[in-house]
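Next come two complexes built around subunit A: one with subunit B, the other with subunit C.
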Partner chain A sequence: MLWRYIAKRLLIGVVQLFGLIIAVFFLIRLLPADPVSRLVGMNASEEAYAQAAAQLGLDQPVMTQLAQYLGLQPSVQPGLLQGSLGISWVTNEPVLSEIGAYLPVTIELITLAFIVALLVAVPVGMLGALNPGGRTDKGVFLYSLFAGSQPEFWWGLLFVYVFYYQLGVAPPPLGRLSPMTNPPDFVTGFMLIDTLIAGSLPKFLEALHHLMLPVLTLAFILSGPIIKMVRQNMLRALQSDFVLYANCIGLPKKRVARYALRAAMAPSMTLIGILYGFMLSGAVLVESVFSLGGIGQYSIRSVLAFDYPAIQGVVLIITAISLLVYLLLDLVHAAIDPRIAH
Partner chain B sequence: MTLLTVRNLQVTYRSETAVSRPVDGASFTINPREVVGLVGDAGAGKSTAALALLGLARAPGAITGGEVIFEGRDLLKLPEDDMRAIRGRDIGIIVQNPRAALNPLLRVGTQIGNAYKAHNQSTEAEARKQAVDMLRMVGINDPDRRVEAFAHELSGGMAQRALIAMALSSRPKLLIADEPTSGLDVTIQAQFLDEMWQTVQATGSAILLVTQELGVIANYCDRVLVLHDGRIVEDAPVRQFFESPRHPYSQDVLRLFRERGGEYPAQITGDRNFLKTDALTKHFPLRNSKKVVQAVDKVSLSIGRAEAVGLVGESGSGKTTVGRCLLRLVDATSGQITFDGTDITALLPADMRKIRSRMQIVFQDPYDSLNPRWTIEDLLAEPLRVHGTPDRATVRAKATAALKLVDLDPALLDRKPRGLGASTLQRVNIARALILDPEFVVLDEPTSVLAPRARNGLIALLAKLQKDLGISFLFISHDLTTVRYLCQRVAVMYLGQIVEEGTVEQVFSTPRHPYSAALLSAHLFPDPINRRVDHPVPAALQGEIPSPIDVPKGCYLASRCPHALEACRATAQTLTQLPDGRQVRCMRVVNGDI
Partner chain C sequence: MTDPSGPSDLPPLAVRKRDGLFIFGVTIVTVVCILAVIGPYIGPYDPTLTTPRVAYPPPGLFAIPGTLLGWINGTLEYPPHWMGTDASGYDIFSRVIAAPRTDLAIALAANALSLLLGVLLGLIAGYYRNWGTEFMMRVSDVMQSFPVFISAMVLVALAGRSTTNIVIALAFVYVPIYIRLTRAEVLSQKSRGFVEAARALGQPELTIALRHVLPNSMTPALIQSSVTIGFAILLTAGLSFVGAGVRPPTPEWGLMISTGANQIILGEWWPSVFPGIAISLTVFGFAVLGNALERRYEEGQ
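Then we have the complex of A and B:
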């Protein structure tokens, strides 16, 4: 039953992705942009222009381009069906391997940030709901007044100023490892994992140290909505009939609180999933401040250069990950709440 | 020695703008093993008082005064932990809307086990065994499987039983039952209350039974407390309460019962076939299937001029669909409807519209059927505008007259539905139905959301309208007491068919069809002399109502009927007239076997 549900969701996901590929493919080509002249320059001769266009395949009819992209003509060039996202027009590297290098940076960053944010925000939101108007609540109000109203890159800069420049507890914001350190061999792209695979504990700790400030910045921003949501859901759960009834039959206070928390977490899953999907490309400002070459920066570079294969590849991969995250959280939600039927 | 003494209990709700005290100085006592009824209007503070006995109040309310003395200790002065120990162990409670009171995320057995473990030293396995035993005790079949169920998998009756299993798991000395049967079907209501009564007799608990239903009070309680404006205004043994209520509120509630006594409404004379259906049938197609839901099955019904005909039956029996077919709000699949000599089954929309001004409908939920953004005048004027566009002055005059007709103050015309009570809004609905001077009105459970006092008022109003204006009513209801006071004739429906039809007196005093008999025996009439708990009750029908998708070949009731023979299962039953004029769909009754 469960496996059938997962299979069905994955199948639907593939259909969604296919629709998205087609849409993005045509929408990009509708833009009033000329990627060829962006590559060869405004003053290039007509021959050079034509040669570049032919090289990019842009002289072909649109439908032929689409067929090639999808991999329906593997004799000409490999496409999606062959597991290729195409070749970047800017770097001449395969898009897939580029994304493979950039994406883990972002995933590592936001996953850690989410874990930290949840560890802080859930208890804080709970306390706020258990004692509305109390000290926790007032603190949260002050925090949301500041955190919510200022952009994250500003907080990043501020944290760099305080923790690196003033206190000196954080490393400079210059990437994932110190510039003097030799990075470990590329295996997964996740620095924390690759350093461990390389068997170097000092490098692992250094990577963790470098992640400290960016994770802190993101977690600081993410905690706002999560606290608010947990508090809201918790308040609703505490006012529900079944919590009142749990009190009526004299269950211990702790058990009543557990009843309420579980009921509050179930609906929170959805928002966490949406936030995660959003952060995949939304973490770009923090990545820039800390010189982390993440997927957000890769997207911006591709868009500015009209690098069609790269743009298509990024959209495809980010959507696929979002869909997987949604599926995962739906499964967690269903495990918490038996009313969600597959 | 009293079990519980309440003195000057006060609960206060404080908002930024107002302070209200739903319970304000209530005092009463409960003796061991006594069944005490607590009655009062909706909003009289009954549920608030019941919760306050446990030292609880819904936010933002708080208990602001009084004493609740239970076995010599004032519960309101106890420390939190001692109070928690008493809740559930010495005082159990069951509440209305049981499904919401169960934790939706945990299995029922786990919840009962948790309640048991909170008050008894026990292992996980013992708690689970206790859960199974309790579920069996409250009459749940297959308790070993049911402990694994979640709240949403239980029916309302089942959930209420699970709640009572939890409440009684530690054998409390007092059980508070707060409207335990609201939302249950009539047939299950009596069965549940019987079971609760028997269970409590077995555990030796006293009951405080909070209810609005006089039938429940009369059949189960030893003593009645009347809560009005936050105080107990009457405290009397149940028979004395019904014979000579002292407080004006009690007198009001019991007015119909006292005035009408055993009388039935007088039969009408004249045109008996003002509205007539012939083999009216309605099927709803099922999606992705060739099968259909057979909602109404060959219903032939006639309603005379100025006659009120009751249509009764369990939920899902097709009552509402019949009402909607009559006005062609849904079109019948087959059959014929004749209104005042005209066949309206296939009238064109323009002609139907003309007829429609002569037939109206009032729906069950008064809140849902009135647009909250319109004023009462707009609401009343809408039918007038639809059927011709009279000038403003005429609309105003007619709207005023319509409000007066239903005993409402014309000052309401400029108000919006918000803030008006259910009974006022239901009167507005009736006024809106009456504003076109209809000759026939379908009333679809118009009293089911009303408190008893408002219900009495509405019944009196409908009877007056029927007499003064000569309107015919189809009164759809599961409340047999109301039907008994209002209708001349009654038709009993089961699974889309009429199984018995006759005068109210015939059907109510000597029901012949086994289903009518079961329905009437399950109904709690407000009669404290002939109490259910004092004599053996005829067994309720076994099993569940069959699915209207795959209806049985023979008699629809055969699977549940104690009199069923092989022949009943094989042959379809026909509605046959008996010598006394009533019609019954049962071959054994017609043959004189039962």
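Then we have the complex of A and C:
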């Protein structure tokens, strides 16, 4: 039963990804941008322009370009079916390996931010739900509405001003490590793990220190929707029959609240998954404020340079990961609440 | 997938006749709307022209009364820079109050466009269910799985950084939400008695869809509008922040924050703090309003 469910979801995911690939491919080619003149410059001679266009494969008919991109038609480069996302037009590096270097930064950032946000939001949301309509509940609700509607890049700058300039407890927003520090050897791309593999505790602490403000910023923004969701699901759980029953037979209040929390967390999983997928690209502004060099900044660079293979690659990878996260969390959801898979 | 955030079976927060939050939201939205009309004309300086005074800090709290007095008496050599000037010499106050013309106009236009398209397509998808509308829903699914910020950035950067293109890009991003909301509502409305009654009266299907089902199915989309406008302002500002939005020297909050971003580690906080407060309050105002409307709607149900 469960396996059929997984297989069905994976199949839908693959079809959706295929639709996405086609859509992105045509969308960026329909827009009136001229990547060739962006690359060779406005004043390039006609021969230079034609040569560059031929090199990028842009002189071919669009359907041929698509077939080459998908890897259905032999060309100089391997295509998607051969497991390649193409070569970046700007750096001449394979897009896949570039994404492999940028993506871990983002994953590290948003995973930590989610952990911090959940640690704060779950108790706060519960606090609101345990006394609905009360003063605490109103405060909690107002906070979640506020945090969920804020410009995160501005809060990042504000935190830099307060914690770096005024208090001096945070490092300047200039990357994952201070510019003077030698980065550890690239193993996983996750700075926190690579520093540990290199056996350097000071560098690990430094990497953690540099994540302090970006994680704080994102966790603040994320806490809004998460609190709102925990509060709502908790309220609904507290109204259900099993809580009424548990109260009737005189179970201690704390224990009832724990049961209700479990019931409330199951549906919350879905939204947390959606938020996580959203944050893969939604962290772009925070990455850019703190110059972290994550996948968001890679996408800014690619978009502003009209680097089509890189744009296609980023969108594809981010969406693929989001879909996988949804699936994974739906499985967790099914494990908590077995009715889902049936 | 279950929807974790769309319940209507919850006890609403105590709603009184005089809901302070609602008034707060309405006030903010009204002020911003008024500024969108007159903002560019009422500032002490032209929001798109520099002054010779570069990186002036705003007057300190204790200097404000003196400045105010000097301003009224006309003894100042130039009008005060209430929020200081940025590194190029633009007066920040004039730009902050001129910016709604850009930010709100983009957000409203993008929302109107996506609302119109989304409601129409949602009506079609819900009312006529065939392979064509099924296909449309799948396309809408794919569109919804696009990473929002990146697709908006791609559309604007590749189509050219103009206001029109930003509006189209935002509308593209928000259409699927409206399609989905309207379709769901149409599906629940079209099996109700009044539709059958209209059909029994022999009205043509098109009339039933447009005159009876459509007006009854628009409420969720209209409520969503308030939230969408807020997020559209955030997205517009974010696009300018990374250099894929409006061009300088257009007065726009995100652009102003981005101009001040490099100065903030040097302690010059005012170029980005003031426009940020403006965005923060505006978007919060729209969120509050949207929430109040949603609650009233749920109570009415």
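Basically, the second predicted complex is superposed on the first by the 317 of 342 C-alpha atoms of A that agree within 3 Å, B and C clash if a C-alpha of one lies under 4 Å from a C-alpha of the other, contacts with A are read in each partner's own complex, and residues count from 1 in each chain.
The rule we apply is simple: a residue touches a chain if its C-beta (ideal position, glycine included) is under 8 Å from a C-beta of that chain, and two chains touch if they have at least 3 such contacts.
These numbers were taken from a predicted model, which means no experiment stands behind them.
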Check your understanding: Which partner does A:S299 reach: the first (subunit B), the second (subunit C), both, or neither?
Key -> second
Practice item. Considering only the touch criterion stated at the top, classify A:G168 as touching first (subunit B), second (subunit C), both, or neither. Key: neither
Review point. First (subunit B), second (subunit C), both or neither: which does A:L271 touch?
Key: second
Review point. So, does A:L27 touch the first partner subunit B, the second partner subunit C, both, or neither?
Key: second
Review point. Counting only touches as set out at the top, which of subunit B and subunit C does A:P202 meet: first, second, both, neither?
Key: neither
Check your understanding: Which holds for A:G83: it touches subunit B only (first), subunit C only (second), both, or neither?
Key -> neither
Check your understanding: On subunit A, which partner's contacts cover more residues, subunit B's or subunit C's?
Key -> C
Exercise for review: Applying the touch criterion given at the start, work out whether A:P179 contacts subunit B, subunit C, both or neither, answering first, second, both or neither.
Suggested key: neither
Check your understanding: Which residues would you name on subunit A as touching subunit B in one complex and subunit C in the other?
Key -> 239
Review point. Can you list the subunit C residues touching subunit A in their complex?
Key: 1-2, 4-5, 7, 9-11, 13-14, 21, 138-139, 141-143, 145-151, 153-155, 157-160, 230-231, 234, 237-238, 241-244, 254, 257, 260-261, 264-267, 269, 272-273, 276, 279-280, 283-284, 286-288, 291
**Study point:** Interfacial residue positions of subunit A with respect to subunit C in the complex
**Key:** 16, 19-20, 23-24, 27-28, 31-33, 132-133, 137-138, 141-142, 145-146, 148-151, 153-155, 157-158, 160-161, 164-165, 172-173, 228-229, 232-233, 235-236, 239, 267-268, 270-271, 278, 280-282, 284-285, 288-289, 296, 299-300, 303-304, 306, 311, 314-315, 318-319, 322-323, 326, 330
Revision key, fill the gap. Touching subunit A in the complex, subunit B uses residues 51, 54, 56, 58-59, 80, 84-89, 92-93, 95, 97, 100-106, 114-115, 118-119, 150, 152, 163, 166-167
Review point. Given the complex with subunit B, which residues does subunit A contribute to the contact?
Key: 239-242, 244-253, 255, 259, 262-263, 266, 336-339
